[in-house]
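Here come two complexes built around chain A, the first alongside chain B, the second alongside chain C.
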Partner chain A sequence: MMTGEKKQRRIDRIDGRTVLLLTLCACIVTFITTSFWGHGIFTFWIFLILCWFGLYKQALGCFVVYLVAIVWLMIETKYQISIPSPLLLSMIYKLLLPAMPAYLLAKIPSGKLTASLRKMPIPTRIMLVLIVMLRFAPTVLHEFGEVREAMKIRGFLKSVGNVLRHPMDTLEYAIVPMVFRSLKMADELAASAIVRGIESPYKKESYYVSRIAALDYFLIVVSVGAAVCCCLL
Partner chain B sequence: MGKEIMIRDLTFSYGGNGNQLEHISLDIAAGEVIVMTGPSGSGKSSLTRVINGLIPYFYEGELSGEVFVDGKPLKEIPSWERGKIAGNVFQDPRSQFFANEVAGEIAFGCENYGYSHEDIQNHVHRAAADIKIQDILDHSLRSLSYGMRQKVAIASAEAIDPEIYVMDEPSANLDIASTYRFADIIRALKQQGKTIIIAEHRLYYLMDLADRFLCVQKGKIVREFTAQQMKALSNEEIRVLGLRTPDLHQIEQAEIPSAATSEVVLEVKKLNHSFGETIVAKDVNFQCRKGEVVALIGPNGTGKSTIGRILAGLLKEKSGEVVLFGKHCRSKGRLGKVWYIPQDLDSQLFGEDLLDELTTGAEVSPERKKAAEEILEALELMPFVKQHPSTLSGGQKQRLALGVALMHEAPIIILDEPTSGLDGMNMRNVSRMIRKLAKMGRTIIVITHDAECALACCERAIRLENGCITDDFQIRGAEPLLDKIGYDKKEG
Partner chain C sequence: MEQTVKKKIGVRDIMTIAAMMVINFAIAMVIGTVTLPFPAVYLYGSAGIDAFIGATFYLVAANRINKHGLLFAWATVYGLIQGVMGYMFLVPYFLIVALIAELCMVGKNTYRSAVRNRIGWMVNSIGNFVGCAVPLWWSWDSYQEMAASSGFDANTLNMQFSMVTSPALMLLGIAITAVLAILGTLFGQRLLRKHFQKAGIVG
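Moving on, here comes the complex of A and B:
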């Protein structure tokens, strides 16, 4: 309980724009750098940030998977092994880096993130799309879990062989109810937003304070510096 | 003080598909609590949507007639401004939330209406304190029970301090204790002089709150009752009007002979499960016989659905044993034998029409087609056979889900809240179908808060609280069941 409160307070102290920048830096490093060391150092920096925010389990889990993927890839390269696929291992370690700050982004209260987005020079239409995407992503994941359960009950996911023999059918069974449910929820959500004045012309302020503070400046300077250095390594 | 509403000769149809509302004229005084009840599809929700302005702005159609709020025509008020006048609470809080945490959700309306940061904080904290949820402002909405989510929905409406509240089936997903707490909130709003309009099937919790009950049928207000007149209705009159029973003590248990045999088909032994530190099943033991219909009752969030999903093989138990037909059965082996029908059926529909829904997933031989037709006939769904499953009403969807279970010859069926959001007539229909299936030799477990449904189709009840079985008893009359679900335990 205490850990939860501490984590919440620390997350409350950071601005959404800082975490967005962290995610952007992670994406740039992962796609530009060719050095294992450069990539590894930046991943370790993000690992430290996640730990500082109290997300120890997730940080450790990601970092262990990251290390295993890299070490395995090195062994494969040295001994000419190709199981599991080197491409798969590369994808795992490359994508884990941006996934880590993205996870932190998902932990920020959506209201706070919206407040941060509103302070950025983004056109309103694009911002609305971003906000709706952020709102809808967890819903879609939840709904997909329910559809997967229904498919399990019906026997559509009885075995891997069954799925591989009928890939298009399986895809259809997954997508059709998802589409119907998402359309219904989108409709209800839009109605709820309209009756609560989303279309009002007033200038909007937020429940949360969106301000770049000392902690944000520190994270921005160190992260941008680290990203540049790691790309040059 | 609340605002008065005047409706004059209102007629509405969704794009020429027959009139949803027909020549409705209604006066609602400021500070009045009005309950609209009646069968599903009768026009209750449409009427609430006209009052909150969603019709015709968002739900388009042909609208004639006028709505006045404090003498001013509603159509002269800009659509975005109507939310300041009327606060809304919908049936499913999941799809009305815009934030992922409580404070952000309560603040949403204030943010939209241009309040300053300080004002937003003040309004959020005041609304949270009024609804007594100030301790959970930083909690994730997903982690909350249905009861708490509904409180957040009300706080979210209250933060803007509207003079009118419009609620559409707000108690559909609440257990009895949460429903009474919800009634207390409505009482407090009434004392503040707010005008409150509630479209609702469940009436018992509104009997000492509502000033008038309007019975809506086929788009018209056909009857109007005071609480006294409502309570005086006989069971036969309630059935004819297709309503839920206003006083649950009045319910007569259906006298249907038990179809249960002596054969034990399901045995649960020392079942344990937890999510993190939250225990949802603790040494759970019970048996069910062939043809038995058992109600699984207990408060929201007490582990009923989790146990249902474990029995169906969708979740693996932490420890304990599930025995089917005398043999120990692992979770994977239970899939398809114990058939779990969840509360939300929209994500469970795979077919293009009702026959396709029953036969999908395997080759359609003439025998399978015939079997599917027989099942649809037995469930009284043949008139809708060509329809897309998602276009069926809630009660019809439940019957279709039962049909899918029958098609797969599942001997044990678990229904999770099959009658939530159903009107009296549909609730009785689904209950009748459950009895019919029991007669056909199916064992049925009904997870429910709905005493009317349990009394209409179940012969035994198992009560769970904090993952433990507290009671396991034969249902003989309404009183013992009502006592166990806490019907008379209203909090001050």
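Moving on, here comes the complex of A and C:
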């Protein structure tokens, strides 16, 4: 297994724009291809990329779930079974492909990602919203879990019947702490970014070197080629 | 009373928008997954349910920031995410939705006005609902082929086709979305008064 430091070094070598392009290719393949084989081949390529970056556990987990969903869907369409819903299975396998490179994107340090995206023709404020959203997503999921636990302990989620009898109260008990927690984190993030000079009007330099290197060229060429082939299959 | 100022959106505002949008998208994904096995609810109701629950997060951001451009940024980021997900042709569509929604908020102090927020959010939600139909109008044949290979049954496909080709059914979907968006803003305003204004986190 790769050590954490080595894994991070490899992730630090890749440019944010390359991973963004990988995500875009994955999205295009997942929405355009009508062939299970095409979809499967591109997913396997992304699986290999994640493994190369040392994210073995996540890559394997995603790939196993992907295979189970796609095999079960094939069985369902062949034998006309409808449990679990084929739509649900289809959504799982379709969304897992873009989720894999998106996970790699979330692993890139935010400073490096900002430096890479700054070179793209996106307005700074819109770009900042996208980067912060990417950073926020895992935290929000964690916070959801915490709020759910707190609601369970206080007995607000003791039964489905209870939730269905008081849906608005349940919604209120979930939304209010989520908003408070998220705004607190947003304020802390804003303070940290301001202290580091994000509002400075001068041209910004980054601690990270942002340029498309040989590894990026290789990944871009192979991924775009694979995406085109998989869409044509 | 503080007025909607023409100042640019600052870093603190960006963080607030991003935080509220992430929660909104996480909820939208959960709603999409839960309603997917029920085609009628998925097609006609999911955008409305998103609008109902997301209204509170939008209202928190609107009342906290109170600056023009919030609804434009909200709809534009939504469109960009759709673009990254492969629906590139939806980016200009969502830019138009963003512009119309932002035009609904023209005026002083509008982001703290319950009525104007209701109108702006409703327009944005209707834009999201109609946005679901755009890919089908764009290329029905390839969509049908893709959907069939992904396990969509004939009933769902027929329902989708009749929804996007029948003006009456589209109007029904728009009406459902609009009603749920309005109810969502009413619920959100109640939470604002009851919790967030008291705590001093929104104006």
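Throughout what follows, the second predicted complex is superposed on the first by the 206 of 233 C-alpha atoms of A that agree within 3 Å, B and C clash if a C-alpha of one lies under 4 Å from a C-alpha of the other, contacts with A are read in each partner's own complex, and residues count from 1 in each chain.
Going forward, a contact is a pair of C-beta atoms (placed from the backbone, for glycine too) under 8 Å apart; a residue touches a chain by one contact, two chains touch by 3 or more.
Owing to the predicted nature of the structure, the values given are computational and were not obtained by experimental measurement.
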{"item": "First, second, both or neither for A:178, with chain B first and chain C second", "value": "both"}
{"item": "Partner chain(s) touched by A:194 [first = chain B, second = chain C, both, neither]", "value": "both"}
{"item": "Partner chain(s) touched by A:109 [first = chain B, second = chain C, both, neither]", "value": "first"}
{"item": "Chain B and chain C contact sites that coincide on chain A, given as residue numbers", "value": "176, 178, 180, 185, 189-190, 193-194, 198-199"}
{"item": "Residue ranges of chain C in contact with chain A within the complex", "value": "8-12, 14-23, 25-26, 32-33, 36-37, 39, 42, 53, 56-57, 60, 64, 73, 76-77, 80, 84-87, 142, 145-146, 149-153, 156, 187, 191, 195-196, 199, 201"}
{"item": "Residues of chain A that touch chain C when the two form their complex", "value": "20, 23-24, 27-28, 30-36, 73, 76-77, 82, 84-91, 94, 98, 125-126, 128-130, 132-133, 136-137, 140-141, 144, 168, 171-172, 175-176, 178-180, 182-183, 185-187, 189-190, 193-194, 198-199"}
{"item": "Complex contacts: residues of chain B adjacent to chain A", "value": "52-54, 57-59, 79-84, 86, 88, 90, 92, 94-101, 103-117, 120-121, 124, 138, 142, 156, 160, 309, 312-314, 335-336, 339-340, 342, 344, 346-350, 360-361, 390, 404, 408"}
{"item": "Chain A to chain B touching residues, read off their complex", "value": "8, 12, 109-112, 114, 135, 138-139, 142-143, 146-147, 149-150, 152-156, 173, 176-178, 180-181, 184-185, 188-209"}
